[in-house]
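What follows is a group of structures, each given as structure tokens.
One chain, chain A, links the two complexes that follow: it is found with chain B in the first and with chain C in the second.
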Partner chain A sequence: MRKGQYRFVAGFLLAPLALYLIFVIWPYVQTIGYSFTDWKGQSQTFSFVGLDNYKALFQDDVFMGAIWHNILFLVFIPVITILLALFFAFMVNAGGRGRAGGVQGVAGSGFYKIVYFFPQVLSLAIVAVLFGALYRSDSGGLLNGILIKLGLVDADNPIEWMNEPHLVLWCLMAVVVWHGVGFYLVLFSAAMQSVPRDIYEAALLDGASRTHTFFRVTLPLLWDTVQTAWVYLGIIAMDMFVLVSTMTQGTGYGGGPDHHSEVMANVMMRNFLYYGKSGYACAMGVIMLLLTLVLSVVTLRATRRERIEF
Partner chain B sequence: MSAPITEPTKVGGAGVPPQRAVGKTPPRPGDRRSEGLTLNVFSHGFLVLWAVLIILPLLWLVLSSFKTDAQIGGSALGWPSHWQFDVFQRAWSKGIGDYFANTLIVLVFSVPLTMLLGSMAAYVLARYEFPGNRLVYYFFVGGAMFPVFLALVPLFFMVKRLDMLNTYQGLILVYVAYSMPFTVFFMHSFFRTLPTAVFEAAVLDGASHSRAFFQVMLPMAKPGLLSVGIFNVLGQWNQYILPSVLMQPQTSSDPERYVLTQGLIQLQQQQGYATDLPVLFAGVTIAMVPMLIVYLSFQRQVQAGLTSATLK
Partner chain C sequence: MGSTSAENSSAEGVGRRDLIKRSAALGLISVPTMSFLSACASGGGDDSSGDKGKDKGKGKTSKTNPFGVEKGGKLDVVVFKGGYGDDYAKAWEASFDKKWGTTSAHTGTQEITGKLQPRFNGGNPPDIVDDSGAQQIKLDVLFKNGNLLDLAAVLDAPSIDDPAKKVRDTLIPGTLDPGLQGGKVVALNYIYTVWGLWYSGKLFKEKGWEVPKTWDDFLAICKDAKSQGIGGLAHQGKYPYYINVAIMDLIAKQGGLDAMKAIDNLDPKAFVGSDAAAAAIDAIYEVVEKGYLMPGTNALTHTESQTRWNQYKAAFITCGSWLENEQLKQTPTDFDMKFMPMPSLSGDKLPFEAIRAGSGEPFIIPAKAGNLPGAQEFMRSMLSKEWSTLFAQKANSLTILKDGVSDGVQLRPGTQSTVDASKAAGDNTFNYLYPNWYSEMDVSIQNASNELMSKRIQPKEWLKRAQAAVDKAAKDPASKKNHRD
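Right after this comes the complex of A and B.
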């Protein structure tokens, strides 16, 4: 390469790389360093405390409870979302009349794709306000309103969705599923459409039913995409900050009632911005990173199949 | 799995002409048709149900903004008694207008800057051989793997040290930096697919490297720029965590520079003290409209852009 080219390459990389290093990479690295200190965040003076923060973390019941809630999300959110999305994607792409060979979408599939996907472009802040109104604990909330109308709930005693310890996590999950299904429907649709038609037609000629086709043909061919979806939903389940901090009760970034909806991210934010325990919050960040990495590796390993070329 | 996915086939999905399959009707046409029919009714039921579950809450929220406070608290299913649009005006003047403006100011700079810097980096990484090329590429793309929470604490102090807390320029730079992984990843694969011949012709005609980039390669990459651009608009418009850490007034004299998502949450939390729910709902409606317009106009690019964001 000539000299001018080096100067050109360096010139083009300089600004993006500098920004990226300053605001992304360096903070990531610093987090790990700070997690071994008793930094309060106010001054630059802090001392090295070794693994004390991590030891304290494991004594911290709130944080431990938060990890447990994240694990529950980790189990249920991907399963429910992926199953619903797969079902809808199959209907939209191959659920059409048998006459067409079972390889056509149902009527109006384009419409469904557009409608289902829409929540994905709404910010979680909007979604949080919307569901805050839906879950209102009086008859003014849509859910209670409908249940009262149907006579399933006593009007004087409506359900306190977000204040019931055993309901709050499920309510939060419902929001995430509502928000995400359309996106994964489109993702799976794209993958289904890249499957050659001949494969479906061959399966049909061999007399396979649609259920059979789905489990024996579609799903195996989609496995890579399902796996990706799993990792991404896992990352969402590890986060949950926006919904928990805005939709649940609690001092400093939600988590109520009585810590029943705490997740790691909001405990971390509380310790950082509310209690000013920066070093401790950094240790939580590191734990989140480790769990995310473990999650990705485990998912990719556990779901590894022989890749099907087509 | 690095190839960006092609856009979903247009409306109608599978698009196999029915006639093609008719000749090959499977052995037991009777059975199959009845199976298809029941399954069809069944599945269509679920599809309709989910569509209702998406549309109904949104519609209900928009309708609720026309109600009065008493009506909202009283019954969820009532119809608004009067259709006055002044609630939108009230919401706008109560802060939504400012939040909207703040978001716009940030995005007007951050999105073009993201696109420019991201494309530049992606371009040299995709088309020039130099030692460390792969390393820098993975360095950029790898950032997408980590949760943003990991960086929040040091990021706050970094921005503070630069004296950029609660400033537009601070948030703009942070947005650009955090949009880099996906932008570089996407544009990298796009620049790789562009033909070399055109570039060589430009160089033979005496264009410099940067001129070849700005006048030849960048215009050719327009479809890719559009997809990734929409992705960045949506992502930065919807961002909540970064502004909620970086855009808080630092002193009492510091002006409030909340962005729209922050502002909505702020409005929602104020409801505890002063109840004016119609204003909150009107605010949400106002915030939803631009998204609805962008989505309906660029529906295919939005879906393609977000889909390939996941398939890295």
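Right after this comes the complex of A and C.
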């Protein structure tokens, strides 16, 4: 480096670094500190309890259940969202019938792209209200209304979507997928458009079917983007706080019926603010941090592949 | 040539001395991380400010100014802007400012926890708070942290309307109980509330139904309603708090006050081994089993459920007396909203007229309030006839002040029926304290009730789960402070 350059660069880095330390790292450190105390959240009086919070955590059925629900989300949300988004993106960009060697989307693909993106524009709070009306538990709900009209459901016993232990997680998942597919469709579309047409044309000339083209050409060339999507969706699956706390049953940030839809974030909030077990909640926060870190690393490692240049 | 020393660093880029300086600067930031535990303890709040607060703004005391409010001070008022709005508080503040020359800062919000938790933590809470609503900061939590002022001084001060009497003696008996924590009144539950069943006078007239005094009569009406395509009982299933009102009322009426206190006092036989609890839960389950619930009610929100009931889709709904004000816009003009006590089971210890009555909407004074005299005087003024009438006019509800409304005020039918019901009940009122004492136990019982109403568990299992919640709360060392006789 040239003379004085270190000083120059370091001078610029110092301020952002300080901000980062104060507003990102320091809260984490504080949380870890609080997690060893019996802090109740409304004052600065507490005592040090060592690892008690962590011991209690692993005997807390509700929190352990919540971890499993998060893992379930982690398995299904990225897979379903990415598969759907890839399928739609492929259809929109390269799924049309090739005419004279051209590669194009299905008819009306421009329109589809816009429509698919709509849900992404809505905030999660609005989405929650929207799906609240969809899943409403009496005949006034859209789903129940249709099912009752079709004679599939008895009007006296409508399906209480959010109050069915075996349905509630899947109902939540449907909301997330609906909300996310459009965004990833656009993301994958952009990636697909950067794939040189010649490759598709060559594949077409070689007589590859659409399925073949997708698995042999599109997917490998899109792998980097898919990997990114996977990490983002994984983080969403580890959170889920907004939907669970607004859409599901139960006092103190939802999670019902009877803990069947708890996720780590809302159990933590209930303990933090509603039960006043803030130190305990901080321990949950630390566990969430560790799990998210581990999962990010694992995802990036597991999906690592050789880069394909084009 | 030769050795590069620190002196010529200016010519050689970043020298050692500069590096050391920079790392020292970094160290300044990271040093606290080493001692984070001690930093936590002294981090945000200044715990000694409570003493300062007591002296701040304290002027001379007199008979008309028992707390020594200084003219021209500041008062920071935060009220929950829910079913009762916050117009009443604005009217109060205007009156207070006029009298004392203070400047009131008014905050009407639904986000009590979000806005106040950082302030409590930081040691600069407001002066007076209506700590209510879904995002209420739980009183047991605040109390355990020493954030609440003991209100004894306010309650023992002379009443504004009749200085010969203490404020305490001008209130409806028993209304201070829900504000008890550890034997002290630390919250003033200002609004007089009754809980029970509600029905439409119009619907009942049309169908020729009489107010059911026994559980059998109640079930008969539900049956008749069902045969005509109307639901029997509606409840606000997304928040199982409401069905617990019905269940707990039945327990108290069946087993008397002892059964109620057994629950509040975390008796090892509060539920399992209590005949009253068993009889009550069997009765509620009968409604479920016979299909008398309004279809879908188990997962509806309170507004959805109550609006359905306003549309004559159910005969009864369980709720407290805020219902009328909450549903003002959704209620048809000729609906004729009426309140009734829970019907009697056979062998009830309390008469049919007995109701759960008490006070809601807890007003608190933070122990570290900046203007304690002002806050205490404000609370004393709330318990004057003038302010109580202001409240009734602006918020359509009664306060805990005995005869607290001037005669000219016209009441809505629902509110009128609650007045009649509480007159009929006389001394036969009861009220549970455990929801304020043990949040966790309350939520566990609510979850069990939701399972029962959804037919996923049987009454026996409900009793077991409720008892388990009680036993768990009993093990908490903090529970020793609460006891009622």
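The working rule: the second predicted complex is superposed on the first by the 282 of 310 C-alpha atoms of A that agree within 3 Å, B and C clash if a C-alpha of one lies under 4 Å from a C-alpha of the other, contacts with A are read in each partner's own complex, and residues count from 1 in each chain.
Keep in mind that, in the parts below, a contact is a pair of C-beta atoms (placed from the backbone, for glycine too) under 8 Å apart; a residue touches a chain by one contact, two chains touch by 3 or more.
Just so you know, these numbers come straight off a predicted model, no measurement behind them.
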In the superposed arrangement, does A:V226 touch chain B (first), chain C (second), both or neither?
neither
Report for A:I22: first if it touches chain B alone, second if chain C alone, otherwise both or neither.
both
Could you tell me if A:A190 is touching chain B, chain C, both of them or neither one (first, second, both, neither)?
first
Counting residues of chain A touched by each partner, does chain B or chain C come out ahead?
B
Touching A:T37, do we find chain B (first), chain C (second), both, or neither?
second
Considering only the touch criterion stated at the top, classify A:N144 as touching first (chain B), second (chain C), both, or neither.
both
Contact-wise, after the overlay, does A:L273 reach chain B, chain C, both or neither (first, second, both, neither)?
both
Figure out whether A:V176 sits in contact with chain B (first) or chain C (second), or with both, or with neither.
neither
Is A:D258 contacted by the first partner chain B, the second partner chain C, both or neither?
second
Once the shared chain is lined up, is A:Q5 touching chain B (first), chain C (second), both, or neither of them?
both
Do chain B and chain C touch any of the same residues on chain A, and if so, which?
1, 4-6, 17, 22, 25-26, 30, 34, 41, 136, 138-141, 144, 273
Chain C touches which residues of chain A in the complex?
1-7, 10, 14, 17-18, 21-22, 25-26, 29-30, 32-34, 36-37, 39-46, 48, 136-141, 144, 155-158, 160-163, 165, 249-252, 256-259, 270, 273-276
Within their complex, state which residues of chain B touch chain A.
1, 5-6, 8-16, 18, 20-22, 24-27, 32-33, 35-37, 39-40, 43-44, 46-47, 50-51, 53-58, 60-61, 64, 72-77, 117-118, 120-121, 123-125, 128-130, 136, 139-140, 143, 145-147, 149-159, 173-174, 176-178, 180, 184, 208-210, 213, 234, 237-241, 245, 260-262, 264-265, 268-269, 277, 280-281, 284, 287-288, 291-292, 294-296, 299, 302-303, 306-307, 310-311
Which residues, counting only chain A, touch chain B once they are in their complex?
1, 4-6, 8-9, 11-13, 15-17, 19-20, 22-28, 30-31, 34, 41, 84, 87-88, 91-106, 109-126, 128-134, 136, 138-142, 144-146, 149, 178, 181-183, 186-187, 189-191, 193-194, 197, 201, 204-205, 207, 209-210, 224-225, 228-229, 232, 235, 238-239, 241-242, 246, 265, 268-269, 272-273, 278, 281-282, 285-286, 288-289, 292, 296
Inside the complex, what are the residues of chain C that reach chain A?
11-14, 18, 22, 25-26, 29-30, 32-33, 36-37, 39-45, 47, 113, 117, 120-121, 123, 135, 137-138, 140-142, 144-147, 237-241, 291, 294-300, 304, 308, 439-440, 442-443, 446-448, 450-451, 454, 456
